[in-house]
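Once you scroll down, you'll see the structures, which are given as structure tokens.
Look for chain A in each of the two complexes below; its partner is chain B in the first and chain C in the second.
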Partner chain A sequence: MNPSTLPNNKQIIIERQNFQRLLDVLKNQGYQLRGPTVREGAIVYDEINLVKDLPEGWTDVQDKASYRLQKRDDKALFGYVVGPHSWKKFLHPPVLKLWEAKRCEDGFEIKEKVAFTPQYAFIGVRSCELHAIAIQDKVFIEGPYVDTTYKNRREKIFVVAINCGEAGETCFCTSMNTGPQVSFGFDLALTEVIQPDRHYFVVMIGSAKGHDVIKEIPHTKASNQEISIAQSKVEQAREEMGRTMDTSDIKNLLYRNHDHTQWDKVAERCLSCGNCTMVCPTCFCTTVEDVTDLTGEETTRVRKWDSCFTMDFSYLHGGSVRTSVKSRYRQWMTHKLATWIDQFDTSGCVGCGRCISWCPVGIDITEEVAIIQEDKAKEKNDENA
Partner chain B sequence: MSIQISDPMLPELYKVTKIQENTHDTFTLEMVPKNKTKIFSFLPGQFNMIYLFGVGEVPISISGDPSSTDFLVHTIRAVGTVTDAMSKIKEGQTVGIRGPFGSHWPIEKAMGKDVLLIAGGIGLAPLRPVVYYILAHRSKYRKVVLLYGTRSPDDIIYEEEYQNWQENFDITVETTVDNTDSEWQGHVGIVSALISKKDFSPTNMVAIICGPEIMMHFSVQELVRREVTWNDIYISMERNMKCAIGFCGHCQYGAKFICKDGPVFCYSSIQETLKRREI
Partner chain C sequence: MNPKPKLAVWKFASCDGCQLTLLDCEDELLAIAEEIEIAHFPEASRAVMEGPYDLSLVEGSITTPHDAERIQEVRRCSKFLVTIGACATAGGIQALRNFQDVEEFIRIVYAHPKYISTLEKSTAISEHIKVDFELRGCPISKEQLVEVISAFLNGRKPNTPTHSVCMECKLQGTVCVMVAHGTPCLGPITHAGCGAICPAYNRGCYGCFGPKETPNVASLSHWWNQLGVEREDILRALRTFNAEAEPFRKESDNYEA
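And now, the complex of A and B:
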């Protein structure tokens, strides 16, 4: 549902001093809380319990191949954009035991798999990240087969979303139509407002579950003024967007440019490290391995995140299909921005900018697109001449 | 919560009941499910993921008769880690099976038409279910021709069987090899070279091709030269596969997932991608 169409009386105010109460109520309802916290110089998503676990007073400063934390002038709890983690690590775990088997007389037998589904409350989910979850829903739930681990976890989450009041240097969600305003998929959507004498959250309730939580937290009805202040914060983020990407015709642009010279140029820099795929909130690829115990009597089938940047990824007897770095970068970017649209009827990129900050050599997906687009402009001019 | 039978990543256990050595590196396994009396039904061209305890899991086409649900048949060529280990399987041993997956050969569309089957090497295995299907419904098809190429006479599989198809079911079979010994009576050279000599109606036929990509490429070229349209040509593609259900991403081929959109494709639907390298 579009938030602007929700009646204003659905919006309430929670004061900063009552924020701990929100965490407590969710915990009491049986949720394991996952949210932003500072660890080894980055804001990551992990277990949280207390407000003091949140990155209070910190912001992240990002650019190509660069991410660092910096103290803010205020005590904002959500005054950063996105770090190296995304929520996918909870819904689509980096390592997952599929099943276990034991050797027996005529081969092996499969031991019962005890499927334990954690019930998470995600604290501080940004609009681009909700879009990323919706994209993974298409991969894991809405196709011919269902990934039960993903689905079970997904169905149980409680989402406390956060509207962005500031955008990062590497953000381009406005180009991808994925933010900065949260528009669906939340139980509660917060906008953090800090004034000289007051720190509060304007909260939109997105579900009955959200409503039940709010009932237990001291709150007041949001005034029109408070709502419009919150709105202006999001507008500010919209205007601050660090990057842009022209997505008109992007699918055909990439299909047409399979042999563009820019792929050779990017391949000269790309280390094929796969960082971009690991930090990307929509990348879903995995591999499966047998992990056998020392006696060889028991084995566990384990699924792990994989990256299309490895040679093994496309291995067929006799060699890999994508042997050049060029072909692997092209595969990744073309998948994100073009083939994904044919496969899942949505872009595979939400414009979060993680791949730009965490690429060790500073390869920037928005720049790569722009370079190929520039040539298109040239082509046109040539035609006109 | 107990075992989730519906989990598509969980194999069913099968017992190997019969092993046949086809060539020095190729063997055929017959197996039956351990907990059921019937196997699943499948369509010609579909494949299974076969799992070997502690070793791994690989995609293998079903090469048995689609009208029989008594046992499952796979013909496998040992080329590496998993398939080598499979070549050492003993009767009575257990394997894991997930499937059947993927698209199938155009057996309905081919009715009332000439059918040209072109196989290269182990590519004959995924075509055998088509032949079985045609044998069971022989009158529904017009001319049926199988062109089969292997590296050498020693690599030929199903020889007795196709002699039977030829003698008793009015199916023309022609074989060719790359390298030969003096005793070889068949053709020498690439299988696509046989296409030009065959008599079929280019406008009322379906071509079904399975083999190495380069062999499929030359075959298509030859068919197109004979004015067969892309819409009547079908090929089966191979890519690395870790899941077979659209989750692992490994089998992507342009916008297609070979595991769920393929492995059998109408040539017209992927010819753009086939032109490109390192996709």
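And now, the complex of A and C:
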């Protein structure tokens, strides 16, 4: 919803000491809160209830195949970028029981499914993540085949977005036009500001739901100065962006370079472990398993996240189509950055950098693109020579 | 009603842990016994029914000339034969002898070496006979064993994915110990099935389930090296329960000496 169409499109201020109130109001409205929290040496998304569940005073330092938590010298609640989890795990669950059936005289009977749809409030959604959700909306809701689990969950969410005040070493949202400024898809969008004597949030209201929540939290109208401080934070993130990707002509570049030697080189390093697809907030593929019990009287159909890096993924009658790791990496990257555009009218990459940080051997999608691009530049020079 | 299919459990060189997994099934064991006749399972009962058997579970590796003959017998009396565990599928921990001089061991260990009849190598069952299905693990997972038996009884393919352990980490939301803590982990080249237990307890994967499909062992060991793991430690990590599995053996050879 466009905030400007709302009666109250002014930005407001919530002081840090009133932040718990925001969580309480959302809980009272029946939302289950999901947000960042420190676990196993990382900031993951999980159930939260209190401000103290948030990663106060922590940041993440990321690079190829490396992620480390570090103490900040302030008490920021959202002073990190993105971690190993994405909101996809709530909207598109990793493992989902689809139905159960029982054998009967003339075949089998599907047991009545009690469809329970949790109502989530997501706390601390980044701009790139909103873009990722919008991409999954296209896949799951806007096409001819609607995924009802996703749709039902998606329709109920309350989004508390956060503008990035710092960018990570593996981030490249500016290249993908997906951030760092939150621009749509939120109920409330926050910018965290920490000054020597004051800690507050500049809040933009994005929906009527957001407006109803704000009414119950102590707030003041934001001054022009406060708004411009918030704006400068986002500008800082934009300038700090750790990586870039040149996306001009990217679709045709990859189509033209199906036989590029770089695919062989990356295949020497790629483990076909599937981590990149699992952490990617837009990857949506699943597999389905039917599990009978020992008696063969009952069966369950379970859906699980799958990856184009497995052999089973391309298994057709008689064998797998993509037996080489080269063909699997090429499939992943070409789909993500090129065929996705033909299929869904958008790139499949939002530049969040997760696949770079969480690839166990540090394969970097921006580097792979750049290498293929370099050769294009060389080709041009050769032509001109 | 058709007679129940007959199950046999066989033991070769092994620790018995995988067979015990069957006894360990507790809740499911009665249901299994309802559906299948436990016809030959010396570990559980001395009562032995004659073959042929519809389903044979084979534990252990082949290490003696006698066993090399016995496995042929087992094949002859089994309609569907499943090997269970790292010993049966890859030669087991005892395959470490394959990298040494067995004669020398025998001389050192036994007072009367002439009574010892052993093969130079410990080998997987599939090196000797045709195997219908291999269930990995050291030990195997109870859930996977029940799944394989259910699948057999219902004439379907078992759901035992051959992809990496990493996928199991990610499905359950475990934070990667290699990326987030710098802990060396064999998960990216290891066959799924354990449920990624070790990473969930902040340990690197030990590779109990052996190599996954299309494993890139060289790339991972190279990365371990960059993480600061010594060459001899890489060698040791690759030479455990699945040392003789070809992708592990090949790469470990590169780290010898």
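What we mean here is this: the second predicted complex is superposed on the first by the 375 of 385 C-alpha atoms of A that agree within 3 Å, B and C clash if a C-alpha of one lies under 4 Å from a C-alpha of the other, contacts with A are read in each partner's own complex, and residues count from 1 in each chain.
The rule is simple: a contact is a pair of C-beta atoms (placed from the backbone, for glycine too) under 8 Å apart; a residue touches a chain by one contact, two chains touch by 3 or more.
Just so you know, these numbers come straight off a predicted model, no measurement behind them.
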Partner chain in contact with A:K89 - chain B first, chain C second, else both or neither: second
Partner chain(s) touched by A:G143 [first = chain B, second = chain C, both, neither]: first
Chain B versus chain C as contact partner of A:V325, first or second or both or neither: second
Which of chain B and chain C A:T310 touches, first, second, both or neither: second
First, second, both or neither for A:R39, with chain B first and chain C second: second
Touched partner set for A:T292, first chain B, second chain C, both or neither: both
Which superposed partner A:Q231 touches (first chain B, second chain C, both, neither): neither
Chain B/chain C common contact set on chain A: 289-290, 292, 296, 323
Contacting residues of chain A [partner chain B, same complex]: 98-99, 101, 103, 106-110, 112-116, 139-140, 143-148, 258, 284-290, 292, 296, 299, 301, 303, 306, 308, 313-317, 321-324, 326-327, 330-331, 335, 338-339, 342-343
Sites on chain C touched by chain A in the complex: 28, 31-32, 34-35, 146-147, 149-151, 153-154, 156, 159, 161-164, 166-167, 170-176, 178-182, 185, 187-189, 202, 213-216, 218-220, 222-223
Residues of chain A touching chain C in the complex: 39-42, 44, 65-69, 84-85, 89, 94-95, 268-275, 278-279, 289-296, 304-305, 307, 309-312, 323, 325, 357-358, 360-362
Interface residues, chain B side, partner chain A - complex: 1-4, 6-11, 13, 15, 53-57, 79-80, 92-96, 238-240, 242-243, 245-250, 252, 254-255, 257, 260, 276-279
